[in-house]
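Multiple structures are listed underneath, in structure tokens.
Both complexes shown next keep subunit A, but they swap its partner, so subunit B is in the first and subunit C is in the second.
And then the complex of A and B:
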């Protein structure tokens, strides 16, 4: 049993290639999470503001993105963008774009939730103390909002990492694609290849996502009040 | 062709959802009652299911397991995979509901002489479901969206048909149909649960 595993992971560049695939997976998730946070914060503030136009249009956007499977969005942007608008983007760019569109929507909703969940008297008592608008935001609102926000953001990060296998469908050599290629090549001689390789990437994902979700739970507990 | 594929997606999602609700409920229940070994196992299962992608679970079920002697056909794989993933998420959703039930509710139930099953049926279950419903809705929609990867276990679902049409060069028609089909499947579910949430909002008791 174990021999077959050793054979697969020492043969050729198999292990190195798995790590290259992992690097692509992580690159896409990191870029998408970063961009989503950058774009999601202003979007979320607009959603919780009194500007009706922004509130309604962002809500519609959020609902649409929430309902569409990410895979469908990937297909839309990868195949239809080129044929309708004649824009040809590399697959990795498309995937970062799609994940950012989705992440921005989720992030905006998190920010909206965090800001609107703060009781009104926080603003009122801040003003009553004579704080300027800047001080009010900097010392009262932002620290509290960030606390409510952070567990959700970390959660979103793991969700994004767990969604990246979808890029397999637009032929990006991510962790999953590499694993499949290795299984295809070694599977003929080594019947247990699929068990080992898919088992290993199962635990790679677990090893990445589990600590992150533990951290999120820890923060939630530590900041409960 | 699209109708048939949509129907397949719907039926797989339906069975996967039912199973994950059942698994999730029982996992949350054994953890709520702190049954010695079972609760521990349920905890491990929940973490495994929640921290790994469905696609990898399916790959393992469909390509890995037959090599060690367990052959599952595509449909079974898809439902088992969805139930495995969904069970973990539903367990977390129910946990929120269970933990919202105050101690005094359970003590009051016991003190008027309810048996354990009656307590579960008439006191715990209705309240837990009412509180957990928003989380259950979100999970249900998430699970339906996850069905889009089933084409990797060679099932002719919506994505599979769309991919076939793509190969023949019908890019935009197929993508448009894809968007419409998923809208038609998920929007009613989302609206239905939204209404349900409004109806049970007053089910909370004692707070």
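And then the complex of A and C:
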């Protein structure tokens, strides 16, 4: 039985290709999560500010993104951009773009929630010290919001990693796509192929996501003051 | 230079409403250099709102506020610059929970005023020493009692070297046994010649600390008097009624 596994993972470039697929999965996730956090923080601050224009337009954006299935967004940007505007973006760029659009919306909502949960007098005592609005956000509001944000951000990160297999549909050879190809080729002779290959995928996703949640537990402890 | 260098704060015809409710109905008040003015009055009389208008936390409807002869209610006022000159301590201990005591204190002097950190630390330490918290510089707010937090909040405002300090019911949310330590600090500041505008419900403290008592009711200043005169023999019927409530509480306490 173990022979069948050895056969699959030593045949051709199977193992190397799995790692290439993993690299693409990680690249898309890391880029999208990083950009979402960077863009989501100012967006969330604007959503919780008094500026009506920003509050309303960002809320509309968030609702729009939430209603749209990720797959539809991927198709929209991959196929429609090229046919309507004649913009041809590489598939990986499109997926990073789409995941960032989604992640930014979710992140902004997390930031808004964290910021509005802070007591009002934190702003007032900051202002009373003469802090400018930027300084107030930088030194008082954001550091406190970040601590409250952590569980939500970790959750969003793992959700995004687990949603990346959708890029399969715009023909990106990510981890799942590669796995499927391997199973298709080897499955004819090797009936256990799907068990082995998808089993390995299962552990790879676990190996990525579990350290992230360990890291968040570590940060929560470190920030417990 | 202002006409009268002794006047720190001059309030003229200050009016403030929340929605349709008028809270301040034309306040005129002058605070002199090194003067300790205590504002008392029933809840909802507008005294806290008055303090909050002075450093721009509440926008005003009409009237003028001058700080050292400078009109600060004109449109386009740089409130950040003004607030550095007006220290304020609030009822709730408003420390920043993610920063330890010394970082709470240094935020203003270092980030807003751009003072060298080392110099500001020396200043902060000497103030902490004076309020009895020398060894608490590295504690976090959650490790402090309410009274200690409030003393830190006072030091934090003082380290900006303000020209006037506003105290908004700073002992109102403290446990009774913590009230004294905070009031002692304020009493010492008053003796040291700090210009202060204090809103409080502690009548004995008001009597001890004040150079002048302002009694407010329903958005007006009803009576202005020397503390002894005010507490022994208030001029207005409204002030008498207000002080009677406290005497009644004293009686109740004695019977219990």
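Criterion: the second predicted complex is superposed on the first by the 197 of 225 C-alpha atoms of A that agree within 3 Å, B and C clash if a C-alpha of one lies under 4 Å from a C-alpha of the other, contacts with A are read in each partner's own complex, and residues count from 1 in each chain.
The rule is simple: contacts are C-beta pairs under 8 Å (C-beta built on N, C-alpha and C of every residue); 3 or more make two chains touch, one makes a residue touch a chain.
Remember, it's a predicted structure, so these values are computed and weren't measured experimentally.
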By residue count, which of the two partners contacts subunit A more extensively, subunit B or subunit C? B
Have a look at where A:191 lands relative to subunit B and subunit C in the superposition and call it first, second, both or neither. first
Once the structures are superposed on A, label A:99 by its partner contacts, choosing first (subunit B), second (subunit C), both or neither. neither
Quick one: classify A:139 as touching subunit B (first), subunit C (second), both or neither. second
First, second, both or neither for A:71, with subunit B first and subunit C second: first
Please work out whether A:205 is in contact with subunit B alone, subunit C alone, both, or neither, and reply first, second, both or neither. first
Given the touch rule stated above, what does A:166 touch, subunit B (first), subunit C (second), both, or neither? first
Overlapping contact positions on subunit A, where the subunit C interface meets the subunit B interface: none
As the complex stands, subunit B meets subunit A at residues 47-48, 50-53, 55-57, 59-60, 63-65, 67-68, 141, 145-149, 152, 159, 162-163, 166, 171-172, 175, 178-179, 182-183, 186-187, 190
Subunit B touches which residues of subunit A in the complex? 66-72, 75-76, 79-80, 83-84, 158, 162-166, 168-169, 176, 179-180, 183, 191-195, 198-199, 201-202, 205-206, 209-210, 213
Touching residues of subunit A toward subunit C in the complex: what are they? 119, 121-122, 124-132, 135, 139-140, 143-144, 147, 223, 225
Residue numbers of subunit C touching subunit A in their complex, please. 55-57, 79-84, 86-88, 90, 92, 94-98, 100, 107-108, 111-113, 140, 142, 153, 156-157, 160
